[in-house]
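Common to both upcoming complexes is chain A, partnered first by chain B, then by chain C.
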Partner chain A sequence: MSNVPTIDRASRWKAIRTEVGRAVGALAIALAVAFVVVLLTSKSPFEALNVLLTQIPARPRTIGLWLDDVAKLTITGLAFSLVFQARQFSMGVQGQVYVGGLAATWVALSPLGTTWAAIPLGMAAAMLAGAIWGFIPGIAKAKLGANEIVSSLMLNYIAIELCNYLVRAVLPKPQAGVLTTNDFPDTAVIPQLIKFDGLNITRLDYGFVFAIVAVIVVWFALYRTSWGLKLRLVGHNPRFAEYSGIKSTFIMVSAMTAAGALGGLLGSMFVQGQGYGKLTVLFEGNLAFEGILVAIVARSRPLAVPVVALFYGYLRQGAQLMNIRTDVPAEVIGVVTAIIILLVSSSFSINFIKRLFRRHAAPAATATVPAGSAAK
Partner chain B sequence: MALLEAIGIGKTYPGGVVANDGVNLVIQPGEVHAVVGENGAGKSTLMKILFGLEQPNAGTLLLDGKSVHFAGPREAIEAGIGMVFQHFSLVPSFTVYENVVMGSEPRAGIRLDRRKAIAEVQALSDRFRLKVDPLPPVRSLPVGQQQRVEILKSLYRNARILILDEPTAVLAPQEVQELFVAIRSLVAQGKTVIFIAHKLPEVLEISDRITVMRQGKTVGSVKTSDVTEQSLAAMMVGREVSLRVDRKPTDQSQRVASVKGLRVVNARGTEVVAGLDLNVHAGEIVGLVGVEGNGQAETLEAIAGLRSIAGGEIEIASQSATGLSVLERRGLGLASIPEDRIAEGLATGASVAENLVATRLNDTRYVRNGLLDLKAIKANAQKLIERFSIRVGGPGYAVGTLSGGNMQKVVVARELSEQPKLLLVNQPTRGVDLGATQFIWRTITDARDAGTAVLLSSADLSELLALSDRLLVFYRGKIVAAFVNSPDLTPETLGTYMLGLSTQTPAEMQVALK
Partner chain C sequence: MTELFFTVFSAAFFVTIIRTSTPLLLSTMGGLVADLSGALNVALEGMMLTGALTAVLVSVYAPWYVAVLAGMSAGAMLGLIMAFFAFRMRADIILVGFAINILAAGGTVFALSLATGGDKGTSINLPSKAVPAVDLSFLSGIPVVGPFLTSILSGHSVLSWFAAFVVFAVWYFLYRTPWGLWLRGVGEYPAAPEAAGIPVNLVRTLSLAVSGALAGIGGAQLAMFNYVGFTRDMTAGRGFIALGAVLLGARHPVGALCAALLFGAFEALAVVMPGIFDDAPAELIRAIPFVVTILALILFSIRAQRALALRGAK
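So, the complex of A and B:
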């Protein structure tokens, strides 16, 4: 029995290698396809590709933009991972981001906004609001059997329009007609993480640290607490969980609520972050939904989420640069993400591709391979 | 000349599982050829290859002496091979004749010629003595008749060779006899039947030749008249096996659980358990006999707290358990081995260690202040892996990577690691090989000998007769007969009650109801 842990570790490393191989393979295929698309549509395809892949490290500003995206993608990726591990398909992170942003704004623009408590309170209020927004589809599913995909998507629209209305009609703004609120007081804005003297200000702030903390917290909750084990068992097999005496409805609702809190936190990281420091309409720019991609590629593993976010964030920022500096629109990156999702979620593997080619090459040959060779 | 011949068939699944390795099979025209072997011996894979569902990596198939290759079932069907699976592929809401002709319907213009279809199905059913009414929807038929519809489907497509995959697994003894009559009539009219089976007495009764498989290889092919049950079992397992278990005399005076007037209504509103009374005592195994779907499974689920009840009382360890949760019932000493280990008894994606503590997440040995004690969980897993000799690389391996028998051992290990007061067991050895069956029988009897009260439900009458102290026969949610087990009790006797052909009077049952 003494060698069991080593076997364990070896098998885990093997699993990690396979998964990483799959992800990298998917990325390579997706980039190749994207390159073909760029080649066909662009006047200077190589320059476009160069901007996409190499221009981010060139300037501190773009590095900052990239890492800021990574932090945010990590949080939304974690939120989706949490519900996916419980096999719930709640799509509500976007709505949670908006209600979280609203709650943080409410704190920031209140008298408390000028005190030291503005940031922690804003975050807490945002998490609470997000948690409620996550709880609603959960409880609706548990009590009424409402499909969580539908109800969470509907709640997204409610949150977006609510935010829209409040910004336009209710919240104080610098001048009539603009679609933002007043700037938050400095005390309510999350400080920059690194300051470059004299250089262009980078957007990277302490949200990055929150993201790292969130990764550890979610990992710990999932793999070191009984709640996490119950959650994963419910995700693996709800009937088994029920049979074991686990209250799967409670687990389901609590997973969606916890994910909601993460969504809310992301909302506060947006509006209280260096990027905004105020509330505007449609501030999250569809980033929340990209957590689905991050979670799928990371196989809902919290420790893999930031790694995937790092790569995906790079592509995302690279695409923005490509959009600005060349004739290729950022939407090309949609091709890349679509292909990655397709490949990763369809349990594609190197063997699968090999089989595909073999079948096409020699349909009848398989049956007449000499006996004995199959056992090897 | 052989009708169908498989030479040196090899099949390795992606992932490296070698299911067939140099398998040979020779089928003579007009014979009933049984293929036997433990689970995982490669029987199903071989049949899927014969039926074109799987492509072999090696070897050749000869039909009428000519090499053939089936890219899919359609080609196999065209060549005259039909297959009836364990899980039927029928459309429940369609009528019998619609199911039979579906895909190759007789037409009148563009419309289905119903009259002709019905007549053809009727004629086929008469000719092969597969009695079934063509008109009712398949949904309303008992399993035995659904199976006939499946056979008719193959015959309608002019199958010369019929592959039956464990056809008797779902049937009551009388239905098995009727199936055998049909098989004999098929053979008499020139058809050839390949029969996959687990149960050796049936194999010996119906087959002409037997091919034995073990671990993906053919061990040998013998004439049925030359072998006995014992020698066949030894060929299958590779060593002598004992299919008996010895039970110690136990003190059975103390009542552990009782059910009074239990009523269970299913989702469709049908009463599946209709006013049931039963008691079970320490140190006894009570066998719940019945064709599947007569309320045995629902009764066990109701006692376990997994199914809400419409009426009645459940008592465990002299406490009312009617309103208690699953965990509270487990706290009273209840353990349960569910019917379908993959669907209900395990989380196959989770690790062995996690599966082994899943029912004890309120136990301070493994969870304190909501935190998992990973060391204790792992130690528990290692201890149980050793004690129940589960073949696995380590506690961290996913349960899904284990073989069926070892998966079942994980369930058994979890439920029996601490002596339960009441053990509910449903189909403990379905799809489990002989070696593991022996082990599981031993474990259940050991628990009984140590004073556990056991309620055992099984579709396998020989299992019930081998293990039970008392037997209760279920029919339509009621107990229609009760027996104290004795060597004189035969499957046939039980069968007449299982099919509702006769019912004991309350006075007759009284002796065995306790």
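So, the complex of A and C:
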């Protein structure tokens, strides 16, 4: 836009302020709606809200659970950010988490599981499996034009059923009837990050560090390599990218494959993490899909992803506590999530009500503005 | 194996196919209408789920047809919400669709737990009603073919017959009425209808509402005929399979009908197989419709690309 760097920097700060304002406004509206719902349905609405918003810092254990969720939400948010930046709507992170978890389990329960190589090999195997799972919809789209939304969602269901089957019927388990595998050997479980007697942050492990590393790697790949530039260009204007000699199909497939590797890594962080240390059915508890929200609110910016994950992880863990301690089910958070996505991905801003009633329906040509460029 | 063969070619299996296809067919038609108007409806899954729960909850207090209408309205309502955010608020329609899906997945469990007093799994404790089956046993009076006709035509849900009618109605609307032409024009090249004074966003809004309504009826069939009662996440990807069926059916009502029947047939196979093979893993059988959807999508895309290449060569 401008070739004067100072103006550029000023406009960037303005954009950041707008985005933050938008996210905070959306969060406030979503929480207000959720509160009205709770008010109408709960016997003790204020206690429920109190548990949702204030109880996490009260105990080290819940802080550990929260930060562990943040690490995982960061990874899935990064995976979604990668494909969203290339403007692909691959929704396959969930499936990649399951195949990644299976691959990590395979390494952990093999003879290799008792050696020092269990963790790095488990993670590598998980990333490979996830990458393959991400590659399939990518190549089907690039070479054949098969819709990536449908194919990636189908692969999710297939991976879930595959995991269910293997856990139930094939993999070794402690006793008949339980839907978990044997515990992994200690060498195959990612160690705790903080071991301190008085401070019992049990769930937090080195997965947190992996998440930070992943943020930096994805940021570097997107903003400091030519691959990242091409990827963003393909996402922004595929025809222009094609004319300037970028192989957009290659970029598309590689973006989905890289996102798949991240999904696989998340799978190994789940099953090899302190939370499980074994494979169970449905282990990810729908967390993988919530990366959509993280990526959308972060506008697919890798550096913003962990910040959003921090806030969203807090809400998510708060909802779990609310579920246990009060009569409000945790699923009410789905309402909050949906409203935030709707508001943040739309041209909503603080004074949106004013504009809504002043301006009439936008012309159709601008009706499908891409999510990333909807900011004014 | 021969047992499977006989099962597949029995009249009972045909009836099962119709039963499993009906929810798929209804939401496929919904997806088709939205897709042709240029508004890809990825929220079919959430609309079906919401329609199913609404129908079940209403059927506790009202007759079955009121319940089906309620399920339909719930779906249409979600379609309107989607249209509002996609066209008025200019959000990306795919993201809006997934937001609706998340809303439906969480909201239905929340509403279910309120309605049942804490049960977050099923509505089994609620006395919900079923959609009646159409009894055509009088056809047995016809000589020679009578019993056969009865065995394949009798006992389908009212909504299955309605779905067959919807296929015809959608085809007639799209290809034999001026509004159908508008809708297809809006999907094909929005600038031209815009210039001709056709309200593009209104057309898309209405098609999303119709799309949601049909998906809602599909959900009602699922929760009031295929299974009586609502269970958490009971649509299990059917909305997304319907989306695949739209593409597989070459975005034409008859093609979509064939695709929905194909997926319905594989779902029916997954229903009957555990009874025949005792040791077959249920999980892998349940995955069959998803595998078939991917394979069908890929094969169809190859064909479509070849057709495109041929057209380019001429």
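Observations
By definition in this document, the second predicted complex is superposed on the first by the 346 of 376 C-alpha atoms of A that agree within 3 Å, B and C clash if a C-alpha of one lies under 4 Å from a C-alpha of the other, contacts with A are read in each partner's own complex, and residues count from 1 in each chain.
Here is the rule we go by: a residue touches a chain if its C-beta (ideal position, glycine included) is under 8 Å from a C-beta of that chain, and two chains touch if they have at least 3 such contacts.
Everything quoted here is computed from the prediction, not taken from an experiment.
By the touch criterion stated above, A:P111 is placed in contact with neither chain B nor chain C.
In the overlay built on the shared chain, the residue A:P172 is in contact with neither chain B nor chain C. Looking at the superposition, the partner that touches the larger set of chain A residues, chain B or chain C, turns out to be C. Once the two complexes are laid over each other on the shared chain, residue contacts for A:F240 go to chain B alone; chain C is not touched.
Residue contacts after overlaying the shared chain place A:N147 against chain C, while chain B stays out of touching range. Of the two partner chains, chain C is the only one touched by A:Y157; chain B is not. Touched by chain B in one complex and by chain C in the other are residues 363-364, 366-371, 374 of chain A. Interface residues of chain A, counted against chain C in their complex, comprise 37, 41, 89, 91, 140, 144-147, 149-151, 153-155, 157-158, 161-162, 164-165, 168-169, 289, 292-293, 296, 327, 329, 331-335, 337-339, 341-342, 345-348, 352, 356, 361-371, 374. Contacts from chain C toward chain A in the complex involve residues 42, 85-96, 98-100, 102-103, 105-107, 109-110, 113-114, 118, 120, 186, 190-191, 194, 200-201, 204, 236-237, 240-241, 243-244, 247, 281, 283-284, 286-287, 290-291, 293-294, 297-298, 300-302, 304-305. Those residues of chain B lying in contact with chain A across their complex are 7-8, 10-12, 14, 18, 21-22, 55-61, 69, 71, 304, 306, 325-327, 330, 336, 338, 343-350, 354, 358-359, 361-362, 366-367, 370-372, 374, 382, 386, 393-397. The touching residues of chain A, counted against chain B in their complex, run 1, 4-5, 7-8, 11-12, 224-230, 232-233, 236-237, 239-246, 351, 355, 363-364, 366-375.
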